[in-house]
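Got some structures for you, see below.
In what follows, chain A forms one complex with chain B and a second complex with chain C.
Entry: the complex of A and B
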């Protein structure tokens, strides 16, 4: 069956029922998937062609428990399913995705969707996991009871959506007449469950319950969380070093080779002092970023993260936040942009605004190169108690400082706030992280990082090089050439503002492109020092160069600055878009700048006081 | 002289890239002019299409624009 007009299909279901995994399988996309609720916060569109050649436009909608929407992401789902979303035609077919492992909860939303009277298919996703849990579902009976086609799927396996594709080729089936308004849906679910589902509790279920007794324990659970995070930051420093050294030496060889091959002149200078010094310095940090993400992804896939959110709910409540803020804040460790977008799952507008305000305080991956460079330059690589790497410990403390500050700021903003509704969270089953999906996700992260280096960092490095190289010094100029350049002049112009923090003019220059992306501050420092240095490999040896030219107080002051650093332009742009308010943008930029300045000032003077 | 010319073009390209990211409205006359020129010369249809797209108003972009996944695919890559 073929048709020129594509079939409009919408995927709807409860949070964490595997809609996006199914969407990726059907369309070949690679949208973000995780083992917790609230990952998809806006509709995503994809196209596919069924085995019979039918064109289909498919929408992946944010998960919701009900059509009575409370948060912005749930409103999108409600309006699209009802066919009233502006700019989006009413769907010809709804695909109600239901987690086979959690039928009792998910059938409720499915029944609500059925009441809309649109043609519908029910997809029992995670059917393999249901089998492992000892659940047996009588599909024929379920189809008969619901009056709708029911197919099974395994969204995370290749070919796991084949049944859905075949079902799309069948003519759409209109649902049975809606149930009367006074029908007790829970009673209806109990009736269907009793007729269609039989349970044989197995050992895995018992094991999960035992595991949860430890992981969710008020004391041991917190200890487990603390130890996991601690090991994560130790690993970032200890495991990455050999690969970082290798990348470092490759960059040095590339610079030497460029210098040897190209004749002396502006092109050679641009390549070595600009591009290789700037972008090369940042590329070296790729292994550390990948190790950090490996941990986060493994925790995400295992199903541990929602449990961590549950554990932290009390602490978040003390800071005036609800557990719903946990996932947006956690996403902000990768980048504040998706974190701020993820706040759409938060129902209370005030809670949402506060979460948006504090999201930039979570240490995003772009800050990691800045931290690592300064830590490796100024913190000795020695072990405490023969176990803990001191550099890893300092990194852990910097991340901790960001989190603690976020909680304090939230407390301050929310001191007069009303009481929030308690956190209701569905805890997913534990799952062993799949090596293939981890590898794919890591590859995605590496591609994102390298694409940032190839675009943002290379272009800014070229501009920084030009600013640091031109204009040339006047005849008879006695100062170093870079002091006469535009970058030198900008640095000296800004110096009076930042001198009380212990910053020199080179740091002042690096702070400006650091607003585009924080890691660019490192490439800018490398370019400025490389252009200004007489040594050929100045950029390749940035860490020792900094440790010989800066005081410890200056380095710590810059670290403190980057804990609070006024966020990048992209973050400000997304805050504007999500809040539709320039006021919020100004408040965020203003309070972060104030905190960064005050923290740096204090750090610099306290360190100077103690170090003499 | 050739070296200076090549370096200048590279620096201008990078400055244009950032201008497009930070203030796309300032770059619209450039894209409009480029699209018109290419259209009258009947060359490079791919580039012309792209220039026309960038010159047209109301392109709303999502995500951090740090990569392709954040742009046309509506975010979600992080």
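Entry: the complex of A and C
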């Protein structure tokens, strides 16, 4: 009956076959996301129990078009399916997912998988969409022709994977003997399709046909792309605000409560000024990050993102890249870490390196707190031409500066006469994103962000608090306490290097923890400027303080610094992991530092020149 | 005629895919994606700047490819239709 050893199942299929939605449907939230041993391909493993009580471990393999792998992702799929991947048990059962709407393409990979001779189930996913398109598939006949069990599924609908669950209870079926090696798989597909698939009416891809006329149109398509990006930024900056204010006041209350409960002293200070204030300044940005990720995920699931890549390919080509780099770069606006991880889908190694190199120039959400604070402190909230808010305009310029620099840098790295990188990309069918699937993916992102807050950022906030609290000022000391602390000394020590940029020693102090996570620079400034303050919402206090203490030139110079904001440790760590090269890490850190220094220097002196 | 020269919204049948070198991975990938002799292919969109890349439909799948990639795909010269003179 049911054995204790779980059944090892691998889910394989083409890109855009709806495999991930099906995986989410099968496993719900019982998944674990990690990396495959030795490479940085994302490994998604989930657990489930079948209706008959059988335990199943299911692996969601990266989507691939064939077993003749062209990228690291595809190599993982190939080797796991063959049962030769180091550290992965050979799967007891393969589930080959094919989109019922795209049999001609997807059956090919299914046939390749069948050649491996492992027990296998074929899942006809998106069967509802096929029905709507007037496509009728004779399941019994298909099972007979393939010699394998075939079940239907709707990956994006609740209960849409029930047939698959039931099929897991049946004993595995070994496939028929493999076809001779020289078989033309396309001929075989034509034969199978002629026998099993009938088209009821004149089947056109009506939705794709209608939408693509607009979405891929040289003029309208560009407008649509622009509007979508505009809504994205609008959502991030204005819709998130109420939630952010709420979180802010909650953190403040938590700090006040802690202070009220604990006896006054260093422990109370550590908890409130160090830990709660540190975590608070960062958790506040969770809504923005979630909105950004939600938007990107929704665009991805709906099938739009590759079309955006199509529209932008020519521009990317001018920078020596292909449209494929667009998706990782767009993700980098949320955070460079997932962006750099998304470069795995780029097949040309050189292209991938350049994309990784410029990804940190996309203004990540961690830089937003710094921008928001400085802009609100130094840029007047005035309207230009009655519609553009000056503050918004400055923000837009900062984003633009990052993008422009990225294009220039990538252009510099373009070798003359090098092969043009390939584009060759599927434009998947449009579909409504499944809510459950979106929620699961979003939850995983949120978890990564929060665990970052929990570990790196809180640790750093505590260190910063300690550095700026000890040693205490000597009795009779007349200067502010911070001047006597370790942090103050480090700041003064670094000052000669940064003084040409208009930075004061307080900024120098804040730059240090900013290395580990950019957003901490704000809480560090708060610590430096208001040690002993009893407020948790340091950022709100900080703005008026800064505008009274810094010159406009200094503020703009710091903004320019953060456009390049070199060396967030997480980014450098992920670059090391993805490229396995310290050289790439050094190049990235070095060139970003150089650009940041140059940009700040220019900004500072130009502003001083004009402001007299 | 090569696929890169096929005008917008027109359909033609693939004759063959020609590799540019002996180990042309792009040519192999094109075959894997279903660009095989006998399949009809249609241009559904041209890129915003200079018509490159192009979006083509083959079977029920759409692909974006650059001209340099589409050049590997040779089309069967169709019997000239009465209203169509620009297929040279």
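We adopt the following convention: the second predicted complex is superposed on the first by the 466 of 612 C-alpha atoms of A that agree within 3 Å, B and C clash if a C-alpha of one lies under 4 Å from a C-alpha of the other, contacts with A are read in each partner's own complex, and residues count from 1 in each chain.
By our rule, a contact is a pair of C-beta atoms (placed from the backbone, for glycine too) under 8 Å apart; a residue touches a chain by one contact, two chains touch by 3 or more.
Remember, predicted model here, so these are calculated numbers, not experimental data.
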First, second, both or neither for A:331, with chain B first and chain C second: first
Contacts of A:596 with chain B and chain C, given as first, second, both or neither: neither
Partner chain in contact with A:212 - chain B first, chain C second, else both or neither: second
First, second, both or neither for A:314, with chain B first and chain C second: second
Chain B versus chain C as contact partner of A:574, first or second or both or neither: first
First (chain B), second (chain C), both or neither touched by A:165: neither
Chain B versus chain C as contact partner of A:358, first or second or both or neither: neither
Partner chain in contact with A:286 - chain B first, chain C second, else both or neither: neither
Contacts of A:56 with chain B and chain C, given as first, second, both or neither: neither
Residue numbers on chain A that touch chain B, as the complex places them: 29-32, 40, 42-45, 265-267, 270, 331, 334-335, 337-338, 341, 444, 447-448, 451-452, 455-456, 458-460, 462-463, 466, 516-517, 569-571, 574, 577
Residue ranges of chain A touching chain C (in the complex, touch as defined): 65-66, 68, 70, 101-102, 104-105, 108, 186, 205, 208-209, 212-213, 216-219, 221-222, 306, 309-311, 313-315, 317, 322-323, 420, 422-429
Complex contact set, residues of chain C against chain A: 25-26, 28-30, 32-34, 36, 44-50, 52-53, 55, 57, 59-66, 68-69
Footprint of chain A on chain B - complex, ascending: 3-4, 6-7, 10-11, 13-15, 17-18, 22, 62-70, 73-78
